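Pasting a structure here, questions to come.
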Amino acid sequence: MDFTAKVISDFLQGTVEGDPATAVYDVAKIEEGKPGTLSFLANPKYEKYVYDSNASIIIVNKDFKPEKPVKATLIRVENAYKSFAALMNLYEKSKPKKSGISDHSSINNAAKLGKDLYIGEYSVISEGTVIGDNVAIHAQVYIGENVKIGNNAILYPGVKIYHDCVIGDNCIFHSGVVIGGDGFGFVPNDSNVYSKIPQLGNVIIEDGVEIGANSTVDRATMGSTIIRKGVKLDNLIMVAHNVEIGENTVIAAQTGIAGSTKLGENCLLGGQVGLAGHIKIAPGVKIGAQSGINNTVKKEGAVIMGSPAYDLQSFYKSYAVFRHLPELRKQLIDIDNRLRENEKQEQS
Amino acid sequence: MDFTAKVISDFLQGTVEGDPATAVYDVAKIEEGKPGTLSFLANPKYEKYVYDSNASIIIVNKDFKPEKPVKATLIRVENAYKSFAALMNLYEKSKPKKSGISDHSSINNAAKLGKDLYIGEYSVISEGTVIGDNVAIHAQVYIGENVKIGNNAILYPGVKIYHDCVIGDNCIFHSGVVIGGDGFGFVPNDSNVYSKIPQLGNVIIEDGVEIGANSTVDRATMGSTIIRKGVKLDNLIMVAHNVEIGENTVIAAQTGIAGSTKLGENCLLGGQVGLAGHIKIAPGVKIGAQSGINNTVKKEGAVIMGSPAYDLQSFYKSYAVFRHLPELRKQLIDIDNRLRENEKQEQS
Amino acid sequence: MDFTAKVISDFLQGTVEGDPATAVYDVAKIEEGKPGTLSFLANPKYEKYVYDSNASIIIVNKDFKPEKPVKATLIRVENAYKSFAALMNLYEKSKPKKSGISDHSSINNAAKLGKDLYIGEYSVISEGTVIGDNVAIHAQVYIGENVKIGNNAILYPGVKIYHDCVIGDNCIFHSGVVIGGDGFGFVPNDSNVYSKIPQLGNVIIEDGVEIGANSTVDRATMGSTIIRKGVKLDNLIMVAHNVEIGENTVIAAQTGIAGSTKLGENCLLGGQVGLAGHIKIAPGVKIGAQSGINNTVKKEGAVIMGSPAYDLQSFYKSYAVFRHLPELRKQLIDIDNRLRENEKQEQS
């Protein structure tokens, strides 16, 4: 990237304030702007940084009125955040795309490959697997037997997908993701020795799902573990066998969902949340970080917290008292003593 | 799989109720049964599904008395659950087994290999390593120097085992499992710069242990980190250096056990539990999800919860009051005011 | 290792008590000492083991006065712990070092390699990457485009480093570590469908950082995620985009740090801790295991606990009362009843 304010402004249909020849080669947060970088100001909270920022160009909203002189060249647009995001996407897409199929990969003859693939070094594609068009399978990826992968998927180095799993279009899996490992199912005998219940199901991941590094999604015991369209999972998340996650639900890192639990669409889960097995979470539920959910949540849009979790506001009110429990206890003892004193006097 | 009710019933020594020629090619949960699937009813809680299930065949207990007509062909057996599990195992075992040693693997000449091995693409077996019979080492597995692996082990794609570790018979490790990484040991100097304590021990995993995707078991500083016979670990679990886990203990996902802690046999740990270092947990202890254990638990079979954890029933009783702490506080203030009122009157 | 007491004592400038020809070939904890092993006694708490230990040689402090006869040969030194650590380091360094570049690795012609490298099987080094001297890149490692790696780094099997990341000297990354995966950034549209915010930044890891198995460090949205000199991260840790971790901070397993949070130097974090995004933690702060931090901590050296976390001592005092909440509630009801009784009497 090496663009002038004029070129960027023309692309964004904005207006330049300052030298139109100012050039940038990288992007930066406004508070970390360096010469040669492009930044933006959308949230008024960050306005203070605009005056001192060393960014060469700053994209601002049309109606931004500086209170002090600004060093940077400004580009005024309708919506600074959206314009900046559009540029980031443009930049991302302008990067050279990897292509071709490495000679050092192992592709079974009975696999069907789409067009315009990239397959990196030391990757394995097994018998019966079907890969769509424009898919990037980076190095050291493993794809088992009879897997289906839709168009435009990106599998980063080291992703592992077990046999029979189904992946939709436009999915992105980061390094170390494991899809389709066995569900955790065992039965104890009379001596408490556990034997394995075969895990005969699979994992179905619909279109547009992104999964972060080292997260794991287990295959179903029977039937399918299902991740619906548009779900976004952060790193180191555990999705157990037969779980179903509804459309556009977003889950932060290190959260775990136990077997057969069903999450509705449009839920938001904080990091390190734990959900017990065999429960249902209504659509639009928001769950605070580190919460533990051991029961079905029926109320759509509920906002919950705690372990076990309940209404978030109520949790915080209880926790505020919790912090003062020692004083509260002292007060109680004091009251008890005073009452005893009263009672004595009455008896006397 | 494509079996008739008659064939299945004969195998299970059951009796068919309905068309013995009914055929199935897959298994399903009773509530998700589709035509062509085989299901079962064991838990009376699920009886309601038996009447509407679209499963073609349902295995039921001998004494099951339907309250309404059932569409599916029934097979009556002594124990529906066990019979179904037996069929699942049969099905699993009937799958074609991978065999042979890939030309695209790297096997050191000084490694000793057993019979009937499968070694997948891009796997590495290092000097001095000894592998038993009938072991499946899938693609992209790494096995370091002087490792011992027993018979019938299955190492899924991408498992990493560092040097000198010892793995028993019949172990199953899922993708991304790391065995024998360095324990987390450092000593600070006077400027708080930490230097590494060499981790000279190993990991010993006994027979029949299954470890879920992306779990990690660190090598001992000295001596061995030990996982005893029949232990089952779920995904994303952390077992630190010098830990010992007793026979047939079962641990759910994302639990972490800090250095040198010893867990007894037959324990059950929920997900996201944390155990401090250098403590001991008695046999048969059950620990609720998300609990934190910072002290030795001496009582066999104790059932504990909380962070720090104590008796589970007591924890839930305290938590029930916790939820009402704001009201309790108001009540206390109210009592205090009334008492003050009393005291005033007495003085007057 | 196969050394006599005399050789070890000479190296440590100590004095032998017992047979100087006693030989050892391994090390052990004093409570697990076996014939042929070398152990040490530093912490008086472990003195009881010295009398029964089967270790052949035990290193003790100069002034140690046994209360009973000791079977083992003793070596007396100024500081038993430091002497033992010195021996462990010596032993570690004496191990044969892997060297050479595997023919079964894929190294781009436009990568620059330093001297005395080890590159294992099926590893990938991409275009524009620069590797320092004396670096060990074990098997199945992936290093993306334009990565810089300093001298003496050790990357264990299966480490993945995405493009443009910068790694300092003397770093150690264990198996399954993922550096530079995309930060978790999405914007919802009006139908709550999320679109990806391109993650254009990188990860910078300074000198002497060790990262445990299967931990993940995400790249910055813009700018850099930064891990400063001497930081030690345990296994399964999540470091999100744009986080900064100060020098010599040490973090236990399964902890997660959300986006843009800045941790000071010399902090100590327990396991399974969660830090919210966009907060700052002062230098020297200690955080108890499983704590959740949702606000900036300004006080240097603060010791905190709980979720949300506050002063550790206060947390434990509150928790002590929490355990007795049911009794406290009963007491309150009892007082209320007695007070009502009083009030009745007054009115009568």
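Note that the chains take the letters A, B and C in the order they are written out, and that residue 1 is the start of every chain.
Heads up, the rule we're going with is that a contact is a pair of C-beta atoms (placed from the backbone, for glycine too) under 8 Å apart; a residue touches a chain by one contact, two chains touch by 3 or more.
Fair warning: this is a prediction, and the values are worked out from it, not measured in the lab.
Rotation angle relating subunit B to subunit C: 120°, from a CA superposition, given to the nearest 5.
Comparing the contact residues of subunit A and subunit B by number shows a mostly separate set, under half of all numbers used being common to the two copies.
Separation between the centroids of subunit A and subunit B, computed from CA atoms only, is 25 Å. The residues of subunit A that reach two or more other chains are 122, 140, 158, 176, 214, 236, 254, 272, 290, 322, 325, 328, 332, 335, 339, 342, listed in rising order. Residue ranges on subunit A touching subunit C, taken from their complex, read 27-29, 32, 85, 88-89, 91-92, 102, 104, 120-122, 138-140, 156-158, 172, 174-176, 208, 210, 212-214, 230, 232, 234-236, 248, 250, 252-254, 266, 271-272, 289-290, 319, 322-326, 328-329, 332, 335-336, 339, 342-343, 346.
Partner subunit A is touched in their complex by these residues of subunit C: 106, 122, 124, 140, 142, 144, 158, 160, 162, 176, 178, 181-182, 184, 186-188, 192-194, 196-198, 200, 214, 216, 218, 222-223, 236, 238, 240, 242, 254, 256, 258, 272, 274, 276, 290, 292, 294, 307-308, 310, 314, 317-318, 320-322, 325, 328, 331-332, 335, 338-339, 342, 345.
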